[in-house]
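All chains are identified by letter, namely A, B, C and D, in their written order; residue positions are counted from 1 within each chain.
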Amino acid sequence: MAETSVGEMATEENNNADALVTSIDPLHPANHICTLCYQFYGHGWVTGTGGGISIKHGNHVYLAPSGVQKELMKPQDIFVMDYVTKQYLRRPPVYKPSACTPLFMSAYTTRGAGACIHTHSQWAVLVTLICEAGLQGDDRGVFAMKEIEQIKGISRGGTGSQEIAEGGRKLGNLGYFDTMKIPIIENTAHEEDLEESMSQAMQEWPETCAVLVKRHGVYVWGKDVAQAKTQCESLDYLFQLAVEMHKLGLKWV
Amino acid sequence: MAETSVGEMATEENNNADALVTSIDPLHPANHICTLCYQFYGHGWVTGTGGGISIKHGNHVYLAPSGVQKELMKPQDIFVMDYVTKQYLRRPPVYKPSACTPLFMSAYTTRGAGACIHTHSQWAVLVTLICEAGLQGDDRGVFAMKEIEQIKGISRGGTGSQEIAEGGRKLGNLGYFDTMKIPIIENTAHEEDLEESMSQAMQEWPETCAVLVKRHGVYVWGKDVAQAKTQCESLDYLFQLAVEMHKLGLKWV
Amino acid sequence: MAETSVGEMATEENNNADALVTSIDPLHPANHICTLCYQFYGHGWVTGTGGGISIKHGNHVYLAPSGVQKELMKPQDIFVMDYVTKQYLRRPPVYKPSACTPLFMSAYTTRGAGACIHTHSQWAVLVTLICEAGLQGDDRGVFAMKEIEQIKGISRGGTGSQEIAEGGRKLGNLGYFDTMKIPIIENTAHEEDLEESMSQAMQEWPETCAVLVKRHGVYVWGKDVAQAKTQCESLDYLFQLAVEMHKLGLKWV
Amino acid sequence: MAETSVGEMATEENNNADALVTSIDPLHPANHICTLCYQFYGHGWVTGTGGGISIKHGNHVYLAPSGVQKELMKPQDIFVMDYVTKQYLRRPPVYKPSACTPLFMSAYTTRGAGACIHTHSQWAVLVTLICEAGLQGDDRGVFAMKEIEQIKGISRGGTGSQEIAEGGRKLGNLGYFDTMKIPIIENTAHEEDLEESMSQAMQEWPETCAVLVKRHGVYVWGKDVAQAKTQCESLDYLFQLAVEMHKLGLKWV
């Protein structure tokens, strides 16, 4: 009987890889990423190929490619990585993997996230600029806000997977009288060089579900894509409100 | 003859409950709530699962659930409560009832409303912050504005059901030279705890069609969903204009 | 032979009236008004039933009704008036004619316009507030701007129907170095009471294509609906730019 | 055999010309220009017939006409010019060619661009006004910004067609620590009179992918339409951020 030729093996491998991004289910990660990127473009979060999103689906990590127009993405454009081996299971030849990949992976490994969103939202950038200049207080490395209802949309720790923290303290969402604190890390020349400081911030701030990057944007994660998205929306709302409050001469805390 | 088994009864009950949210009429409350939530998301009123809406249809009160992405809501997600018995006639098992429920009920019982909208609009929040800080005058418990044409879109009392007020005075919409006054109540740690102060504000301010909640948002009602929606739009317009006027150093009254 | 009964006459009249708003042509005034109102709602021009639009089609004047949600309008909702007799040829029984009607008619009779748009745009209102307070100069009755490219989108006189003005001077659009001047009239308690001052402004300012109403909005006309719409867009752009320039401490002229 | 009559020749010429704008491919320049203009209208870039776009496809230059509502454009409305002979291959009789045409041609001839976008974005205009007034430094003829992540979306030279510049220096996109500089030229009474100063700026600033026109807007080009569009988005983002930074009292460099 005929042996399978190398050409046939490559074809079969390609078919398997394509199967990873082929589904009629609109909530399949490959479809969902495209729908969300279109929506995020409308929010001004992924302007001019900036920003991105990743979803973890079992041991498959779905990633938007680098440098593409996010509002035009198709499922075929998406990279898939094996969470355990860190090898690409699918790699569209015409694109480069996103420089955000190690940062998304940090959210999965360090925080047990199920999805992670990166935006270049101007409100996020402006908040880091106000903090950098010390215009809202001396602590320039953290964005803090309290007594705004929308803070209740933000979880402690950013993932609901650990309902009880190590010390036995109950987690859940922030309350109205809690102070929300989001760490701000320095930007680097190359996005992948943020990995170390991002991981460090994730460990030093176990209750945050986001990390602001100075003059750059924000990374927000959640236990699943719905929580990542709604937390990203709530944070963006709070960043915008904070900028407007600052213009009116009002304090955030 | 065969008796109806418990299982069959439960099934029949479920069928009846589902019938409450099943209609091909786009203006049926279950469909209308979904369309409006999608539209409100675009206005920034229900970002990140915040805000909500309720419609009273005869003795059936339709309610959006707690903690869902409002722009993605489906008729099947909606709770239905009996207005008289306050019992749920339909309760989707995967969701929790909205914490706004007692506040929406206050608008129905205290003010004879037919629909009530709750937004987290940043303009509403900013107006309460400006008032709280006393930046537009000493009366920090009320938002007041006059001589802006859009004020004519706001009814006295918020419902057209009582064309003549108790004292025999004709109601109707505010005039251009009237002063619009919207009370501002303190926020609480839990939304349902707003019930008492909200009811009190509704009684103390018989001409208002809305109550602002400090650092939180606004509740707006009307005799029907069209009036609730258009009043909510007019108020949001006035809140935004008020913030812009304040930035320009102009007085609201 | 049977005479036509009164009932049959009324039916025939209704049929004729309905024919005035029934067409499959998307540019037929009855359809076009609905499309434009939907678009204007997105611009924030007709929030909460405010604002409106009218198109003159031969001797038929098409008018959006009073107090309706503009983004939901249907051709059947539209009033049609005979331009010569000023009688309604079609009058939907459930609606009231718009209070803007006499103002739209002024644009037709005084200026030979083919369409007129009325918006409650916040930028228009803010510009009148800045002028009222004398923050951009002593002439509080006119909004003036120059040396902004978009001014070239504004015609002298607002209609292209008279290419040569009475004095033999060529009309056309404003140039970059021309000063655009839009008169501002006082608001009144009732919109129809604006008719006299609006007509007066139209006569005193033969080169304007718009009249601002203090604390209310703007009326913009053109020789046809395309010119009215593009001029309304250009003016709204200029009003917004003017507010932003004012915030930055920059002069309009 | 029958000779071809003049009438038949004219018809054949028209048919050939129409073939230039007839395609079912959504990325064909004639279709793509229409889709993009619709999208740009939503961004506020081409309000009231302002702004425009051109795509070079081989030796065919596609151009949006002058004075049309950009969001309503159809492929049949588009002009096609031969890049070599500068003759129109297709010229819709009802429209005038855009006054931007010589400026788009400059981007093609001077910079080897494949597409060029012109916007009247208010953020671009406000940036030129801030520079003109010397509010961000003494160099009033250039907009400069650094250490903002989105700068990495801007290429050196605006086209990727010359990966190596004349001096052997590698081109590519700007880095985070690079200073982005966009020249600002004076506006003129007639848009076509910008040609000389635009060409001069393109030659004096070989690393820019855009030229700002004072009190007017911006021209942005790229090696292809995707790069022109994403650079235009990134620049618009940076112009908006710059205005917001200025309001907060922050320096751009």
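By definition in this document, contacts are C-beta pairs under 8 Å (C-beta built on N, C-alpha and C of every residue); 3 or more make two chains touch, one makes a residue touch a chain.
For clarity, every value in this text was computed on a predicted model and none was experimentally measured.
Participant: Over half shared numbers or under half: where do the identical copies subunit C and subunit D land at their interface, same or different?
Facilitator: different
Participant: How many angstrom between the C-alpha centroids of subunit C and subunit A?
Facilitator: Chain centres of subunit A and subunit C, defined by C-alpha means, are spaced 46 Å apart.
Participant: Using mean C-alpha positions as chain centres, tell me how far subunit B is from subunit C in Å, no decimals.
Facilitator: 33
Participant: Which subunit C residues reach two or more other chains?
Facilitator: Counting only residues that touch two or more other chains, subunit C contributes 247.
Participant: Using the definition of touching given at the top, classify the network of chains in this structure as line, ring, star, complete or other.
Facilitator: Graph shape, chains as nodes and touching pairs as edges: a ring.
Participant: Give every residue of subunit D touching subunit C within the complex, in rising order.
Facilitator: 44, 47-50, 69, 120, 122, 125-126, 129-130, 133, 135, 187-189, 213, 215-217, 243, 246-247
Participant: Give the list of subunit C residues in touch with subunit D in this complex.
Facilitator: Those residues of subunit C that touch subunit D are 147-150, 153, 175-177, 226, 229-234, 236-237, 240-241, 244-245, 247-250.
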